[in-house]
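This is the structure I have questions about; it appears just below.
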């Protein structure tokens, strides 16, 4: 397989990108948010049709034409797309097998058995006959991977498969990838985790702004260079951040801004106590599914509250629905961007002003001029890559959608901002930007709760961590205790410390 | 409500008990005669409302009947209702069919089950042996009377807007037939011939369209009062005078009270009667059948007139208006 | 019980509700109205009268599962009846060919509508609304007047009754009458079985669900979304043609006013049977019971002896309302449980 | 980067910009129909000033007829657009609801006597009561859809089934007739004003909705709820209430349309008044290029869509198409219009437009 060269229409095109993938190699495709990685993949798999360029497979002289994912599959290309693309109304097994062959007859019993076997091999906690919608995102992601891996393919494409997986699952995935590589399968791997790139990949192709920056062997491209290739500039030193964090500790002494007691929602978490001070950055940590999201959703009133109290500045307040929380100055960036965050068909501008508009009320619409001003301001501030403020948000790249949602909440100037996985699917540059932003906001007096699956990130930003296990708060760490190992041991239950 | 259900359950069991005793003994004990009445929806038109009221007033418990009603404007729903009545074991099935076609097999079922069928208001397209009697209006005659009246006006030319009822209904076929003949033989010119489906709004739009087109016309022949009313609304809007001695002759059918009043006021010219009061005839026939008499006439044609605006009296309005 | 509820898929849950409510209703009718509902023939008459509706609803469910809708089916039934009637009495008069005509009309509608929906990406509602207008208009163009078909072969077929062994009742005259169904019912049951098997067990069937669940995902899973949508409309059209002939066989006449509003009944039956208009959820057995439920409601109301005409409409609507609310409450409960 | 953008903008000429707009669809449809009529018979566009039977000036002609009879549909299209946007479904009970509201108006005006010589209540009172009743029925639909999460088309099937019966029940199945001439103004002409009143009523409704859309956030909220309920909720909106609200607004539209309808004939026929109008109202929304599965909408396009439908109906009447075969022709035209407006065909058209413009400029230069 060699020499792919194509360009893509729409707002911004892929400007003549070449890409080579050899048999039995794992090839990382890197770039900032909106660089065109997903687009390149979708062109390759026939989701989008290309304007120009050719695709060759198996070194043949004749270019193949791929018009649909079906044809791509037939040619031996199997894909896990960035946003989970499975059918929630079908069973797990059906999702794994549908669309893979044209046979009319299907032995369903055998299919379920096969699927169960695969699920078992990969340690995926799901039953073949279970409806997919009832699985968590992580499980769905694993099912998508299982499907792609199980196909007898020549090329495997993984577009940010690890963004919602925990470390063990990622390890399992890497094991799989190495197996496939040994069998001669070529793998394209897209991720924003640099560690992972250096752990499994052989080669790196870097894209920037729809253009090709270059293809490098992994050993020729040290981390710092890779980052600068992606961003087109040098990355600010991470040590800066640490310094800022120290400065941040001064907030500790003041009274809590928000305080909850025995708060409990119908989403199935155990009652929990929590507080946050003005200008403080804290975070929830724990394994996948440990209930971090449920906790913050409860604080925000996003699930039905079934018990407990919330105090603001020492006075009890009633938060039963998101609007109450917003009125009390809370903002919440949800973890599932596609389902809970974006309003797909609305423009970037409308998405940005939405929360502020709701706060202002039904009879006080934000004028067009004002809205444009806000939109332009935040597009610039967060460096959102979009053709214009009028572009529907759904046609932005994943990372840029995330920034729009962030802009939406920043625009309301909240006193307390909850960020649930704000860095999921975000490129390194922006990740650092967001972390810096969080600390800057905290410095200006905003309280922030920051949730991330990457412990590093939390250690860098948070001055206090709440540890969760099985939907229960099991401990709290701050100051000296903020280390990887301490967190791990708390999660494991070695030491639980209550106030 | 509940007492009704109770009594029907009682008669239900009585019917099954006596069933083995044979046909004639049913209800011989002086029980109520069970009739299943299938009618069109009474809010279809003033005619239908009057017809339904008449049926309700006649088939009461006081008169010795236990009546169940089913209403539908859809033929297939009516057929289903008929089948349900057959299963419920009514003694008589009274039927005003939405459509002339499609009734053969149901009526055969009824016959097999010993249920007698009497048609009212509308004829159907089925073998005569399948029903005991039919009490209907002669729609063709109604049409003929109206057309004869129109001829008698001796206009120098006849440019007619013809508003038809729902295509295929007995009333439409009869009332259209006469006018079609006249158009073929007497040089009547049909400016437009459209179905407004008994619907005043549609009639208004059709007439409006003719007015907009600027085609001259001097007669509106509407197959019921509602459509005539719609037509007149369009005329009024466009400053076209109508009624006795005016530019346009307006004709309607059914003799709704309000229509006859229009007639009396000279705003319309003619209204053909369509007699909705068939219940007493049916009652009479059932009584005869119960006494074992035979019916001499299978088809009873209702007595019907046509009214001219110049000769109508207040008495006519009161007596014939429905 | 709670656990069972939790593990059920939406499809199966809705199906269960429909079946339970149907039997509750029928037993209720027997208890409170007695009379005819005790006789097996009453039930078979419901089947006889609704064989066509069952077939149409199967097609409707299929399209709805794929996330579309087809409101042309009632019109197609009318057109099929009229065309076949005209052909039988004024044309060749060959019963077999009349069947072919019915199928051809249905297929033609299915293909054209499917093409417009799937390949030109026009909203199914508009396409099939136009289809309905077209079919209704064409029916009156073919022939305005309703008439009974006199063709003997056809009448013989129409009169054919399939007796149900062991079922029957004594009628007013004291004769034992064996319960029967019409040929249409056999056809309808066959359609139900074939469609059920197709949707439940074949790959094609599952791809209808996939497309309805999320057509973007289905596309990326390698399903030919366009072809699937096209097929769903094609099959729905075909079934409308077959259903049209079954209807024709039941009434034996052609008329422009045949099957008015039948598309609404088909949609309602599908939904009562647990098919979602939003796509991806549904079951043919449910649809079957949906038809039975709807017509049982109508039957109960029509034999209840209501004293004013308006109560008919109002009562049917009230029962429909009750049904839908029960359905919605159960689903909501299930969702709640799932969250825990 | 920004340079590229401006270049792109310059490249877009006005025509192709219009082609990409949603409102292009109904406008194109209107133009096509107008051109067709112009070629077939230019007298279609003739408008004459005459005097009606009461001696007041009236304008008449096909165009007036379109403005007149398209009004109820345009008013309904307003509500239907909002319902569609927020709930992703359609209300099929509007015809039946018009029967109810109309029946209420007549009931209030006529009291128990179905043919009074004088009005038993002022018209405005009757209208307001009808508004309340219609909004209550809208609320009923809204509750089923928003709170019970029943799919709109089925939820409204309930009222669709019961509505005309309820209307008959309200007036005890009598046929009230209003003889007061002022009542007929709403569906006819106000003395001295030669333009049909329904058009004014529709214009007022359109004005009101545009003011509402401009000075409230109704548009943003309904679209947001229609596109993504979850995220709307997390942004502090109450999707349930907003869906409910759109049904109530549609109820109000229904009451206004009912006033026009009953005023046209000063009477009512429960089983046929506003028959099948729900289909036309939905078609209007769709012809406006709005997605029937909810989300973004363009109000002006929907309203234009309503007039397109009336334009088409009037055209067909003009050519004396058999009225029961009329749906067949309507179907063909609708499909042609919709096919013409699909992206593929539109792209092709815009390419042709560009070429035409180029050749024109070349000519001008030469």
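For reference, chains read A, B, C and D in written order, and residue numbers begin at 1 within each chain.
The rule is short, and it goes like this: a residue touches a chain if its C-beta (ideal position, glycine included) is under 8 Å from a C-beta of that chain, and two chains touch if they have at least 3 such contacts.
Since this is a predicted model, take the numbers as computed values, not measurements.
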item	value
Contact-richer chain pair (by C-beta pairs counted) among B-D and A-D	B-D
Of all other chains, the one whose Cα centre sits farthest from chain C	A
Geometric centre distance via CA averages, chain D-chain B, whole Å	35
Chain A and chain D: spacing of chain centres that average the CA atoms, whole Å	44
Distance between chain centroids, defined by C-alpha means - chain B, chain C (Å)	32
Where chain A and chain B are represented by their mean Cα positions, the distance between them in whole Å	71
Chain D residues counted as touching two or more neighbouring chains	164-165, 168, 173, 322, 324
Of all residues in chain B, the ones touching two or more other chains	41-43, 167
Chain A, residues touching no fewer than two other chains	none
Chains that touch, pairwise	A-C, A-D, B-C, B-D, C-D
Complex contact set, residues of chain B against chain D	41-46, 49, 73, 167, 192, 194-202, 204-206, 208-209, 211-214, 226, 229-230, 233, 235-241, 256-258
Touch list for chain D against partner chain B, complex	43, 50-53, 58, 60-62, 65, 69, 115, 164-165, 167-168, 173-175, 177, 188-189, 261, 264-265, 267, 269-275, 313-314, 317-318, 320, 322-324
Footprint of chain C on chain D - complex, ascending	88-90, 92, 144, 148-151, 153-155, 157-166, 168-169, 173, 279, 282-283, 286-287, 291-293, 322, 324-332, 334-335, 338-339, 342-344
In the complex, chain A residues that touch chain D	209, 300, 302, 321-323, 326, 332, 334, 339-346, 350, 354-355, 357-359, 361-365, 387-388, 408
Residue ranges of chain C in contact with chain B within the complex	32-36, 39, 41-42, 45, 48-49, 140, 144-148, 158-159, 170-174, 177, 247, 250-261, 295, 298-299, 302-303, 305-307, 309-310, 312
